[in-house]
Amino acid sequence: MQRVSERVIARARELMREGTVNKVAGWKAGEFFYDCAPYVFESEESLKDLVYDRFCAANLSKYMIKNSVAAGAEGGKVLVLLKPCDTYSFNQLLTEHRIARENVYVLGVGCEGMCDIDRIREKGFKGITGVDENADGKTLTVHTLYGDGEVAIDDVLVNKCEFCKGKAHMIFDELISDNEDEGPRGDRFAGVRELEAMSPADRFAFWQSELSKCIRCNACRNACPACSCRKCVFDNDASGIASKANTDSFEEKMFHIIRAFHVAGRCTDCGECTRVCPQGIPLHLFNRKYIKDINEFYGEYAAGAEAGQRGPLINYTVDDIEPAAVSDKGGN
Amino acid sequence: MQMSEKDVAALVKEISGSDVKKCMKCGKCSATCPAYGEMRFHPHQFVAMVARGRVEELLKDPTVTRCLSCFACVERCPRGVEPANVVAAIRVLAEREQEGNNFSPADVPKLLSQDPEIPQQALVSAFRKYRK
Amino acid sequence: MQPGVVFAQDYQYMCSEAGQNIIKDAIKTHGLTGVVVCSCSPRMHEATFRKAAAQAGLNPFMVEIANIREHCSWIHKDKEEGTEKACVLMRAAVAKVTLNAPLKAGESKVVKRALVIGGGIAGIQTALDIADAGFPVDIVEKNATIGGRMAQLDKTFPTLDCSSCILTPKMVEAKANENIRLITYAEVEEVSGFVGSFKAKIRKKARFVKEDVCTGCGVCMSKCPSKKGLNEFNMGLNNRSAIYIPFAQAIPNVAVIDKEQCIKLKTGKCGLCQKVCTAGAIDYTQQDEFIEEEYGAIVMATGFRPIDASKFDEYSYSTCKDVVTSLELERIMNAAGPTGGVLLRPSDGKHPHSIVFIQCVGSRDVSGRGKPYCSKICCMYTAKHAMLIRDKYPDVEVHVFYIDVRTPGKNFDEFYRRAAEQYDVDYIKGQVGKVYEENGQLVVRGVDLISNEQIVLNADMVVLATAIEPDPTARKVANMLTASIDTNDFITEAHPKLRPVESPTAGIFLSGVCQGPKDIPETVSQAGAAASKVIGLLAKDKLTTNPCVAHSDELLCNGCSCCEKVCPYSAISYETKLINDHGVKETRRVAMVNEALCQGCGACTVVCPSGAMDLKGFSNKQIMAEVDAICL
Amino acid sequence: MAMKKIALTQLEQLFAALSLTRKVYLPVEKAGQYDYAPWQPGLTYHPEVLHTVKSAKSVFFPQSEDLIRYKRAGLSLEISQQAPEDEEFVVFGVHACDVAGFEVLDRVFLSEPVDSYYKARREHGTVFSVMCAKPEETCFCGTFGIDAEAPGGDVQSWLADGVLYMEALTEKGEALLAAVSGIVSEVDDAGTQAAAETRAAHKAIMERLPLADLTTDGFGADAELLPLFNRPEWKELASSCLGCGTCTYVCPTCQCYDIREYNTGKEIRRFRVWDSCMYSDFTMMAAGTPRPDQMQRFRQRFMHKLKYYPDNYGGAFSCVGCGRCLQKCPISMNIVKVMRKLGGANHNDK
Amino acid sequence: MSVNADWKPRIVAFCCNWCSYAGADLAGSSRLAYPADVKIIREPCSCRVNPMFILKAFERGADGVILCGCHPGDCHYSTGNYYTRRRMALLFSMLDYIGVERGRTRVEWVSAAEGAKFSRVMNDFVAQIRELGENVKVGDLRCKE
């Protein structure tokens, strides 16, 4: 990661210096080692704060909606650093005409998996002041206010990295990566299958328990590159389903089902929803359910694998399966 | 448990992977078959008989081995029925009904003595398939 | 009483004149802003009550019907239960009507001119019918002459009359009709607009011959030194000169120069035709011209072509000259054809003694080489060919391999039986596995499924009844017109049973084989049907549109194009415009609904995640209000 | 009143005894996350957990609560008001930061016009604080002058070697301890010593915290409003803000709410819910929103915490340094980054 | 599950104007009875039915929701019900996934000629809902008070 990181930062500087781009969307170093924030750098000087390390999980695609248009208006170009999984979101946004492609320079960056500070905390570390990646490339030494410890990287990966879709970039203008694409990591539908195998009552109890934690902070929605509506139906008093908080347990279900449905066939499984949820709700289980269903019902489909694809919910074949297949009866 | 003729026919369909219902009875398979004259039942009949669940006669017919497995019928069928695979499935079942599934080199002379006209291609393909 | 209800009245026959008067009076007396009629199905009397409301000065779309007859009183025996349900249905209708908005049907102009794309029998017939009704029509034909496939046919089934004898008068009539403008050797390049006012840009290809000067005398053809061009009209069975008139009865009877073959155009030397043309019609400098015109309606009559038989190598079409397609046989049998109408086999020009016909070549074929559908006309034209040959040359043996003989049509089966019984045509139920040449002899190996034997026949000629497919231009034209097209490239009809000559895109009509395989009488009747639809449209001065159409709130629109993709009528387009979103001014890509095209299905409303797209008359809020009222 | 003690292992008995007379709220685990919820047999206290996701304010100021209901009765409207809290309860396990958070809310809700629902809960609720066991790197309560070793409330307590030492600070607290006198025991000198030692150890850690150097310089009642408001850095600070409400909803001091109505079909429920100034519809009026840009909304949040609130309430800040927003913000933007950028060495006066 | 004979399920039926609503009319004119628990909402096309409407019905206390449209291929708008089919397959799958009983939702294709089918389907659906009992899993409790 270290080597790629240096090259990425050097290249971003170079592109800015030579005038290919006048802005760089990347991650800006924070107060701690793990809290870098998405940021659009506007000068070569400011790039001293650009970081690319194990904690740059945030997907920058969505920022391109505003920034690509702004860059165009200013007559410039914005460089965006995209990890392999981020490129799917970028493509999907291109498909939906949300990004002005001509104003964006995509620098694909290799990724070896991002670490989740919350998962490190879950391992019992309190007051974490730093981590060092050990020479074996498999473990981290964790420094805390209360002493040091070690943790396996595999155990603290962000969920989306635990089930990495692959190391290949779907779109880029230039690529800096040392990774061979080894295809997907792990079975990303295992969690969905586990739930499907439960009894309906257990499934209901599972979701009831998870969703009752929801505080409707909208972090999942606002971080989601597919949820890029200018105004969400849940914020729109005229929509008939606007709501602000989970006053009744039904509202959480309504919110999350409708959200999953609205992004069905558009969700690239970028995992941001789960990553950002302050309550640790496994929201990806909704989206992966839909991806799995779509694959099974209508054939394999990866949203964002290519720009310009026709999504499964704006498509059909005359011999699609009947809804009866999932509701016991009905149809012909 | 003894299987009914209908079950056996269903098994033939399953083994062959062929959907005999797709047949529109054009006869192209038989028209194109180089072993037509050698076989008591012709490719289109195979398909029709399996569709109707009449497989006993086919299983008993020694001339099923005369199919060359040249796959001309599969290639030419306008409906994708794959008659040769139906023939092959009948052969597999016929084999299974005999003692054991295997086919050893020692069996070859015996088969040849029973039927000196048996095509070599049939022997080779049977050998590939049923040697254990 | 429900909130908002100020007046309620019970009356037995609300739809009667007296009942309607109660409604009208109530509207006037109470200043009603909405009316709910609890009555029979809205499918029955919604229009009646809307009209009554309109007469009383209320917007007709402020009326809702609670169906308490078909959906309630007629099916529920328990009176109490039924009454309870009737109340719920009334409540739902009241809930909805309070959210209704006055709607006004839009109006758009109708340009009183039609465009027919394709000048075959379908296009000619459609154009003639439209022209007869008094509307100007343009026929755009990609070839140098109108006439299409029918002009290539020798005889027609089941009457055996001469094809050109019945076609050419129609061609002449099309030329003579004042309301018809023939634009031959031309293609439609661009179409924009919508029903009532389409704009088309037509490219008229350079003929290098002045159309209005050429007399069609044909001298140029005889003098032209380049005679290597394949004669398309004769299916390439013989050659023609570089400057040519496609066939004797061509309309317009004007020469055209094939620029690939013309020595003058290729090398700059020659110019013989110009020298011999006494009319001075030759113009080597001619350029493509463009015609732009507005139309109220467009008819697709793009026709068909036979599929390429060389994909079926088992029939040796590409290797044996004596294996021909049926359309080639038409030309061979035709007096104006390459053999002057004498049946001679192509390889050596000898008289054939045995001919084998093979049916369903590429039809009903899902292997990927052919077409999954039945081409419909082959059974009949094969019977026609067999009969004509047996009639003219009784010494020729004729065998026909068939899968099924399909003869639904007036006098069709009788025709086929005549071929078999009177003309002794040998019909063999079965298919041909292989056609090959052995020592200079064509051999056909097939199967007779009835006698259960494989048959090997010697033949002097083999005729393939090749499947027909839509002309390759159909896809391009359909895309231009945003007419939907099926997997076989046939144009989709608006409804397979009830609207067979209309495309789902309003103002686009279908004539002939572009919609699906059909024979001449069917083509002509469909052409007439399409014409009558066009006439019905052009006869209107204004088009009123269904007011229950989709509407996009541009402040909410994300510009994602999902709605555009599911719209069956291509009624949604996108526009980039400056939006003032509560004081924030931004240039955004937003959806626009063309109300003249939208039919109000609502497919777009559900794919719109932000809810920007809504349907007037059935808005999200209205439907949810009904749901709420029902679930109370 | 003298210090009392109870073994950690016996806390359940304490909860059981207390719950005879009142509801006991404490941090409870649900699907991997802790939030305040009523105690039930089988539940125990987990001292190692630093923070609940939602702060303890949710007990006094719940995320959503009904205010009135009304429905049509014939031609008139039948209105019924939700009664304010009238039963005693105790909130156990509150750390110093969240206790300080109550004070921030008190200044708002208990000053005129008094929020009767909040007031009722404050009156009926007893706060039982516990000194946090292991402060984390995100903690900065010291910046706001909060003494983490004296967590406050009605009863404050310290944990040392498996024993909880507690001390009543108010009458309510004394009453509470009196109610459980049979379960808690007296503390001897060794115990007092142990409690003092655990406080000292805690203090040592507090001094080593990475954010120990963070100051409020440049903010507060003394800072000049307009220059701060007009700082150009707001733009870059806000640039990555997604506009979600996470920081607001996990914050112990955010007090904004929206009043909404829900039509059940039979009646209308008017209720209030937490709102977030980060939302685009915050303070939406007929004419639109006064803060149409995310930067303005972002600035509002921090100006309120660091400038407007101190101006209104005698210099007190509306942040208690609990660090929840540092841990939960999806894009790691937070008040510390704002204070570093605009205050301290960077503040206007320097 | 015990079935309370007095309990009246609330069932919302969304019917497309061209086929199923007409089918329901035909059921009516043919006097083919089905329980009064079914209340029909007319839509231009089954593709007008937004998943929001279905969830809204459950929110308000519906015990079952059924959606009826033209048979695939017969849509008045050519393709509407093809989209419906995909949307509902996915929506129903999600409802099942969160533990809502299968069978509370259904899609049926009923043509204008199929009055008998309409009646049969509604009888069957109501029986199924009665079997499942009251919907306690997806509804806003405030609406049930």
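First chain written, first letter: the chains are A, B, C, D and E, and each begins at residue 1.
Criterion: a residue touches a chain if its C-beta (ideal position, glycine included) is under 8 Å from a C-beta of that chain, and two chains touch if they have at least 3 such contacts.
If you're wondering where the values come from, they're calculated on a predicted model, not measured in any experiment.
Any chain bridging subunit B and subunit D, meaning touching each of them, is among C; the list is complete.
Each step here moves to a touching chain, and the least such steps from subunit A to subunit E number 1.
Common neighbours of subunit B and subunit E (chains touching each): C. Between B-C and A-D, more contacting C-beta pairs join the chains of A-D. Ranking every chain by how far its Cα centroid lies from the centroid of subunit C, the top place goes to D. Farthest chain from subunit A, judged by C-alpha centroids: B.
The distance from the centre of subunit A to the centre of subunit C, each centre being the mean of the chain's C-alpha atoms, comes to 47 Å. Between the Cα centres of subunit A and subunit B there is a gap of 55 Å. Averaged C-alpha coordinates give centres for subunit C and subunit D that are 71 Å from one another.
Across the assembly, subunit E contributes residues 51-52, 56, 60, 73, 79, 83, 87, 140, 142-143 that each touch 2 or more other chains.
Touching of two or more other chains is recorded for residues 231, 233, 240-241, 247, 313-315 of subunit A.
Within subunit C, the positions touching two or more other chains are listed as 566, 607, 620, 624, 628, 631-632. Here the chains touching each other pair up as A-C, A-D, A-E, B-C, C-D, C-E, D-E. Residues of subunit C touching subunit B in their complex: 314, 360, 364-367, 369-370, 401, 403-404, 429-434, 445-449, 452, 454. Those residues of subunit A lying in contact with subunit E across their complex are 195-196, 200-208, 233, 240-241, 247-251, 253-254, 257-258, 260-261, 264, 286, 289-290, 293-294, 297-298, 312-318, 320-332. Of all residues in subunit D, those touching subunit C in their complex are 72, 263, 265-266, 288-289, 292-293. Residues of subunit A that touch subunit C in their complex: 69, 96-98, 227-233, 236, 238-241, 262-263, 310-311, 313-315. Considering their complex, residues 30-32, 34-40, 58, 63, 118, 126-129, 144-146, 209-210, 212-213, 215-219, 221-223, 231, 235, 243-247, 272, 275-276, 278-281 of subunit A touch subunit D.
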